[in-house]
Amino acid sequence: MFTYQTRIKLHETDAAGLLFFANQFKLIHDAYELWLEQMGFGFAELLNSKPYFLPIVHAESDYKRPLFVGDVIEIQVRVVKVGDTSFTFAYTLLNARQEVVGTARTVHVTMDKATQSKISLPKDMRERIQALYDEDN
Amino acid sequence: MFTYQTRIKLHETDAAGLLFFANQFKLIHDAYELWLEQMGFGFAELLNSKPYFLPIVHAESDYKRPLFVGDVIEIQVRVVKVGDTSFTFAYTLLNARQEVVGTARTVHVTMDKATQSKISLPKDMRERIQALYDEDN
Amino acid sequence: MFTYQTRIKLHETDAAGLLFFANQFKLIHDAYELWLEQMGFGFAELLNSKPYFLPIVHAESDYKRPLFVGDVIEIQVRVVKVGDTSFTFAYTLLNARQEVVGTARTVHVTMDKATQSKISLPKDMRERIQALYDEDN
Amino acid sequence: MFTYQTRIKLHETDAAGLLFFANQFKLIHDAYELWLEQMGFGFAELLNSKPYFLPIVHAESDYKRPLFVGDVIEIQVRVVKVGDTSFTFAYTLLNARQEVVGTARTVHVTMDKATQSKISLPKDMRERIQALYDEDN
């Protein structure tokens, strides 16, 4: 499990006074980006140097408690499935009282940049994702 | 079915060159807002004058084809479930060639602003949502 | 003068109940993008097919009246300066009562993609920008 | 001077591959929010408990070097003017090599929530802002 901490910004809320639902997806992607970075695969390198990319083909969120501007949250990142050409991340968002405020999932596929076809997850990336999967299983 | 047309803006894309996945959720909410507005329930009125609100408790998207800056899209909005205290909208995103580029769903519940408890969908709102549901069923 | 109409979306507001100030910059860029598109220089073509790009080196906004979710606004786009390697757009935002709610400016330079150096504004782009300038002067 | 560190997120970039200009305004506001929080005036408290608010009436940014996804930046926050009913913050953005990548300013006024009129900066807020001003002058 990888954990990421952040704070709800004013621009992530809306006139209803709470986090705008779509911004929960931004927050979980921020956590995923930092995990990639710490694995040695920052997005800059992925975009510039790798022959594949990892587009999201499915994303979902549940919303369980309201989040206000200034709330400190922790996002727990897990891998829940590693397939041949795809993998699934799961996210749990906790507030400062360690209550679950939301959960989310993203499903990614591996695509070859040149052919735009699905390919098997490259070895270097598979090792990192498998390692995160193995931590919980 | 309600239809909404828009164009992908530069700030909705990211450095990978395509629509950032979380922004598909912004686009479908834009469509939902315009539908509400045309039903006589704009968000301004909902926020200021109604005793209830309609928070999203679940949202999901699938991504089928890439979207680039400048792409014109149509979003079809349907109601696929009307419950006592909740309802579900489904969205289909089409590009200019009328190909499905993505789909999405949002599940909303009716909450009383004063008590923060779930309540039955108020009659005025139920009528509009039921009418959109009946168009397809 | 080029005019663009839009409506304030919920995700453009924040918990203070009004348009978040940074989103005024998104709105004016949306107007600029549509103008480019209608001039035959959509961003997709600029990014993919032109040897230059037009980065913003300065941007400023003034805020004169509040904007709420659902407010219909008109953005008037003018060119106020055409230099050799730069140009300046000015924007006026009006609400439905035709009151000025805000103004903005963006200063763009022409850069060669290959050398990352400033270059003279290419002839095809200069003609369009000069034509918009001439409409008001 | 107050300093804030962050990292450029994928959703803050656009298809041109760099930070979208409007998002520089989001980043500086994030820095301002954290400063307020550490001064004991988080936005949640400002919105819920104070009889005044501090709307931005002018904002401007200069862009000097490109910012890519994953770039670590430092934002230095200073107060450059304290008036009776307004104050001005200045921001300097530095990359990891301590090069200035951008600068910005925001001008805020003090408004009474009930009357929507400008009022003198309340004593509690003035003290914090004056203290930050005095650090550099």
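A, B, C and D label the chains in the order they appear, each numbered from 1.
Everything that follows uses one rule, which is that contacts are C-beta pairs under 8 Å (C-beta built on N, C-alpha and C of every residue); 3 or more make two chains touch, one makes a residue touch a chain.
Note that the coordinates shown come from a computational prediction; the quantities given were computed from them, not determined experimentally.
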Query raised in the report: So which has more C-beta pairs touching, A-D or A-C?
Result: A-D
Report summary line: Of all chains, the one whose CA centroid lies most distant from that of chain A is C
Query raised in the report: Which whole number of Å gives the spacing of the CA centres of chain A and chain D?
Result: 28
Query raised in the report: In whole angstrom, how far does the Cα centroid of chain A sit from the Cα centroid of chain B?
Result: 23
Query raised in the report: What is the distance in Å between the mean C-alpha positions of chain A and chain C?
Result: 33
Requested in this report: Indicate the residues of chain B shared as contacts by at least two other chains.
Outcome: 10-11, 15-18, 22-23, 26, 29, 43, 47, 68-69
**Report entry** Footprint of chain C on chain B - complex, ascending
**Finding:** 7, 9-11, 17, 26, 29-30, 33-34, 37, 42-44, 47, 68-71
Query raised in the report: For chain B, which residues are in contact with chain A within the complex?
Result: 15-16, 18, 21-23, 25-26, 29, 43, 47, 53, 55-64, 66, 106
**Report entry** chain A contact footprint on chain C (complex, rising order)
**Finding:** 10-11, 13-18, 20, 22-23, 68-69
